[in-house]
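Before I ask anything, here is the structure I am working with.
Labels run A, B and C following the written order; every chain starts at residue 1.
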Amino acid sequence: MKRYAYYLSCINESMTKEVDRSIELWQKDLGIEFVKLHEGTCCGGSNLDYVSPKHFALVNARNIALAEKQGLDLIVSCNTCLMTIRSAKKKLDETPALKKEVNDLLKKEGLEYRGTSEVRHLLWVLIDDIGLDAIRQKVKVPLKNYRIAPFYGCHILRPSTVLGHDNPVDPSSLDLLIDALGGQTIPYTHKNRCCGFHTLLVAEQESLNVAAEALEEAIQLKADFIVTPCPLCHTSLDGYQAKALKHAGVESSIPIFHISEMVGLALGYSAKELGIKRHIVS
Amino acid sequence: MTVPIDQHIEQKQDVTFRIFRFNPQVDSKPYFDDYTIPVERGITVLRSLNYIKEHIDASISFRAFCQAGICGSCGMRINGLSQLACTTQVWEVLAKSREPGLIRVEPLRNLPLIKDLIVDMDPLVDKMKHYSNWIDSTMPESSMGKKEFLISEEEFLRYDKATDCILCASCVSECSILRANKEYVSPAVLLKSYRMNVDTRDALHGQRLAELVKDHGVWDCTHCYRCQETCVKSIPIMDAIHGIREDAIELRGLKDTSGSKHAEAFMSDIEKKGKLVEATLPIRTNGVFWTIQNLLPMAVKMIMKHRTPPPPPLVKPAKGIKVFRELFREMTEHVKQDHKSHKK
Amino acid sequence: MRFERMKPFDIVIVGGGGAGLYAAMEAMKTNPSLNIAVLSKVYPNRSHTSAAQGGANAALGNKAKDDTVEMHIFDTIKGSDYLADQDAVDVLCSEAPKIIRELENMGTPWSRMDDNTIAQRPFGGAGRPRCCYCADKTGHTILQTLYEQCLKKGVIFFNEYFALNLSVKGSRSRGLVAINMKTGRLEAFPARTVIFATGGYAKMYWNRSSNAAGNTGDGQAIAYRAGIPMKDMEFVQFHPTGLRKSGLLVTEGARGEGGYLINKNGERFMARYAKEKMELGPRDLVSRSLETEILEGRGFDSPAGKYLHLDLTHLGADLIKSRLPQIREMCMQFEGVDPIEEPIPVRPTAHYSMGGIDTDNFTRTVMSGVYAAGECACVSVHGANRLGGNSLLDILVFGRIAGHTAAEEAGRFEPGNISEAELQLNSDEIRGSMHSSGHYERYGELREELGQTLALNVGIFREASLLKKGMQDIAELRERFKRVRVFDTSDVFNTNLLQVLELRNMLDLAETVAAGAFAREESRGSHTRVDFPVRDDAKWHKHTMATMVKGNVSLGEKPVTMGRYELQERTY
C-alpha cells in the first residue's frame, strides 16, 4: 500500500464532489491510500499569489508542511491547486528569507516547511508510481469502445518551469493512461489548450469562446467523451457547455469525464457509483 | 595536444516543409504547398525557407531581417508552435515531430493575415499606443541631458527581463484570450505596460493603470501561461501580468473592478474559512443583477444535479482554522510593515 | 502599377534605426509644426541597432573619475589611425555625455553602478572604462526607448516601405520614391528635405558578414546613384570569429574565458602570430591570423567554405554553462553545435562599414536638402577603424544633429514635387525585371558570388592583383544583374522583388569598396594591403571619394581635417 497525503481542493468539496468520491472507490484496488488533509486550506486559486504574495507563501508552505509532518508526498487532483502549490514551493525553496519568515509563523502551529515533500498530481502518481502495466492488469472493463479526447488543461503543463512532467507542446501522460485503460485516444489539437475557467466571472464571453473551441473540436472528431485531470476544466467544459455551445451556434453536446471517473469505469465501477450522473451534460 | 583531422562530414536528410500559402490577390482561401529539400544538421528553419525561396519557389513570402534572433521579424508557427524561424533548428523540430520528416510552417495567429507567412503587426503597435507603452518622463524635456536619475540596481532588476522583449508576437499568437477576442490588450503589451509602470522615472503610472483595469485589460487574462511558455526570450510574462494586478490592488483597492473583487474573494475567504465560498463568488464579483441574469438557467440545472456549492454558512471551515487565522493575520501585519518601509 | 501620392513633407527620414528615430524625435522637438515622416523597410523596432550588444562610449566619469571628453577624443582619433576628421570627433565625444543622459532621462534601462549612476565598463582601445551599457542588450534597449518615444510623440511612420530613388532636379532633391510593400504600389514622397539613416553596407559580404540580411546599404546606394559622393568606402571592419554558416559573431568572451583557436593540424596556431597574448591579441591581428591559416591551407573544409575551430571543450560544461551561456545558446541555435561537446566552426566575418555618404559635421551632404547620419554616413568619426562603443554613439549624436539641422533648414527649400512621369520611370524599371525572357540570372547566385569575391579579393588581406580580380568580378556581376529575374510577379509583399532591389544596391556599392581598396596603396586601420604593408601618410593621409559617373565609379579625394593631434604611429 502506497500512502500519500491528499489535498482537498475547494471545488472538489463543493461542486465536483464526484472526484474525491470516485477516488475513494478505487484507491485500494490500485494499492494506494490517500490520507486526507482536513487541516489544509485553499491554495489561493492562482489569485492569492498577486493579491498578497506573502500570504500565498504562508498558506501553501503550511499545506505542504502538513504533508511533511506525516512524511508523505502531497497529492493534488486539481491542476490549478497543483500549479499554485508547486509555484509556492519553488518560491520558498529559492528564497531562504521568505522560507524563514513563513516558518517563524508556522512554528506557532507546530509546523515547519522543510521542502522535503513533493507536490504531485494524481495523474502523475498513476503513471509514475503505480505504473501503466500495473494499471493495465487491473482493468476489468476495458474502455475499448470509446473514442476519448484528452484535455490536459493548462496548469498541469504550464509554466513548465514549475510543472515539468509533460512536454507542454505535445503532452502524453493522459494519452498513455487512456491507452492503459483500453480506450482509444484521438488526435486532439486542443489537448494542451485552455478551458477559460479562470475568467468565467470576469470575461465571460471570452471564456465561453475558449471553452466552445475545445468542445467543438472534440465533437467534430466524434469523440465519445472528453477526459480531463482538472475539476476546473470540467466545470468550464461541462457546467458551462450548454451556454458555450449555444454562444458558438453549435447544436450538439459531449460528456466530460474526470480522470478519476475514467479509471473507475475501467476498474468496473458503475457510472452511478462514480457520480457521473452528477454531471450537467450526460 | 592532439585533435583529429576531421574534415567535417555533413549528415543530411530529406525534410518536407508544408508551407501555408495565401495571396489575397488570387487565392480565395489558404492552402499548403509541400517542398522537400535535403537539410544538414545545424540548419535553421529560416535558412531552409531561404533555400526554398531561392531555389524552388521565389513567391513564398515571409519576413526575416537580422536572422540572429534579436529583431523579432521571423515569428511563425513551426509545427504548431509560435517561435522564431531563425533560432529554430530543423533537426530539433524533426526529432519532436509527430509526422516523420515533416515540418509545418504557418503564420502567427491572432493578427490579420497579409500573405503566406506574413501577418499585420499594426494592431499590436496600435495597442502599444493605446496603453501608453512608453516612459513619460517626470523630467521636463528642456532639462534633459544635464543629469542622470539615480536608479538602484534593484529597480533595474525589476524591469530587466521585461526589456528583453523583441515584439516578435509569439506570445500574441499563442494567447487564449486574444484568440477569443481580438480587442484584448495582448501579453506583449501587458509586459511593456508593466515595464513602464515599475520605472520610477515614469509619470504616467496611474493613468496607464486606469486604462489597464478597464474591459479587455489586465483582468481578462485567464492564466493559461501560454505566453510565458512560448516566449522566445524566456521572459516570465505572467509575473508581469500578476505584477500589474498586484499594483492595481495596492493602488486602486480591492473593490475597483470585477477582476479585483474576484481576486479579493480568495483573500477574505481564506482568512475566514480557509476555504473558498464558491456559492457567492459570482455575486461578489459581478453583483446580484449580473448573477441572476447570467447564471440562473445554469443554477437551475445545477440544483437538479445536486451540484450547487453550499451556501456560506454550510461551508465547513478547515480543521484548526482558529490557529491558522492567527498566522494569517500576523502575516497581514508583516505585509503592512513591508509597505511602510517600501514607501520610505 | 498604381501610384499613390503623399502630401508634401517637410522632412522625410529614410530608416527607423537609432539614427533615424533620434532624428525624427529631435526634428519634432526643434519645430513641432513640421510635417515629418519616417520610412522604414522594416518595423522600426526590428532595425539593426538592436544587434549592438556592447554599449556606447561617453566620458561620464561614473566609473573612472578622471575620465575626460579630451581622452575620449584622443582614443577615437588614434583608433581611427588618424583618418577621422578631428573636428567631427570633437562633436562626437563632447556630445556623448549629454546624449547618454538624455536617453537615460527618457527611460533607457542602463545597467547601474553601486552609487546608482549609469554603469560603465572597459572596452578595446579606450584608455578609461567609459562604455555605458545595459547588460548585453544595449542597442536593443536604446532602440526600444527611441521607438517608444517616437510613438509617444506621434511620429508618422510608413513601415515596410522600401525607398527606391531620390527625385533630383539640378543640384537639389525634390523628394523620394518608395514602394509600399503591403500593396506593391509606388508612392511619391515629395519633401523639402530627406535624411538618410539606413545603416551599413557590410552585408555585401553576405554569409561572411555578421550583419542583418537587410544591411544592404540602401541609403548609400540611392544617394550614390543621385550623384552624392561616398567617402572611405574601402574601410570595412572584420571580426575574427564569426560562425561558419551564418557569419554571426562569437564574441571575444569565448576567447577571454580560455578558448583555443585550432587549425586542421590540431595546432593552436596563434602561437605563430602572438606568442604571448595568443588568442587574446588585438582584434585585427587575430582576424588576419585566422585568414592566413585558411589561405595557407590549414583550415577545415566544408561546403560552406573553409573554417577553423574555436575550441571550448577543455573548459568543461560547468564553466561554459555559467560563464558563456549566451554563446553556447547561440552556437546551438544557429550552428547546431554545442560547444561543450565539440569545437565551434569559425572564420572572420565583416561586421561594420566605416565608409558611407560624405557629410559635414551637421550631416549635410553636397546635395541641398539631403542629409545622412549613422552608419550610412561618413562624417568621418571612425576613420580607418572604429572603436568598440563608438558606433551606437555615432548614430545617436549625428542622428540628433541631422534631425535638428533638417528642421532648422527645411524652410529654406521649396516644397518637394515629384512628377507622374518620374513615378512611371521608376515603375518601368521594376516591371522590366519581372518580365525578362530568354536567358536570365538568379539573384541568389549573384548575391552569393558577390559575397565570395568580396571575401576572397576585397577581404582582410588585399593586394593589387586580387583587387583587380575583385573589380572585374563585380563589373561582371553588375552586367549579369541586368538580366536578373524577379520570379514573384505579385504585388502584395513581394519579398523577391525587395531582395533583387537590395542586391542592386549592394552591387553598386561593392564597386566603390573595391575601387577604393585598389586605389589606396597603403595599409591603414582595417585596410591591409599585402603589397603596401605600411601606412603612407605622405601619399594617403586623405579620404577617398567615390562618385557615380555615367553608371560607374569615379574616384576623388578630400583632405583630412586635423586639429590638436599630430600624426603618430598607432601602437597599443
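One rule holds in what follows: a residue touches a chain if its C-beta (ideal position, glycine included) is under 8 Å from a C-beta of that chain, and two chains touch if they have at least 3 such contacts.
Please read all numbers here as calculations on a predicted model, not as lab measurements.
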{"item": "Maximum centroid distance from chain C, chain identifier (CA atoms)", "value": "A"}
{"item": "Chain whose Cα mean lies nearest the overall Cα mean", "value": "B"}
{"item": "Approximate Å spacing (C-alpha centroids) for the pair chain B, chain C", "value": "34"}
{"item": "Centre distance in Å when chain A and chain B are each reduced to the mean of their C-alpha atoms", "value": "23"}
{"item": "Whole-Å gap separating chain A and chain C, where each centre is the average of the chain's CA atoms", "value": "55"}
{"item": "Chain B residues within the chain A interface of the complex", "value": "80-81, 96, 98, 176-177, 179-181, 184, 219-226, 228-229, 236, 238, 242-243, 245-246, 249, 254, 258-259, 262-264, 266-267, 269-270, 274-276, 278-279, 281-282, 285-286, 294, 297-298, 301-302, 305-310, 315-316, 318-320, 323-324, 326-328, 330-332, 334-335, 338"}
{"item": "Residue ranges of chain B touching chain C (in the complex, touch as defined)", "value": "1-8, 10, 23-26, 41-44, 47, 53-55, 58-59, 61-73, 86-89, 91, 114-116, 118, 120-122, 125, 128-129, 132-137, 139, 141, 143-153, 156, 159-160, 163-167, 196, 199, 201-202"}
{"item": "Complex contact set, residues of chain A against chain B", "value": "10-11, 13-15, 38-42, 44-55, 58-59, 62, 80, 101, 105-106, 108-109, 154-155, 157-160, 167-170, 189, 193-194, 196-199, 201-207, 209-210, 213, 239-240, 242-243, 277-280"}
{"item": "Residues of chain C touching chain B in the complex", "value": "29, 42-43, 45-48, 50-51, 98-99, 101-102, 104-107, 109-112, 114-118, 134-135, 137, 140-141, 144-145, 148-149, 151-152, 159, 182, 210, 212-214, 245-246, 248, 262, 264-266, 268, 300-303, 309, 311, 330, 332-337, 343, 345, 442-444, 486-488, 490-496"}
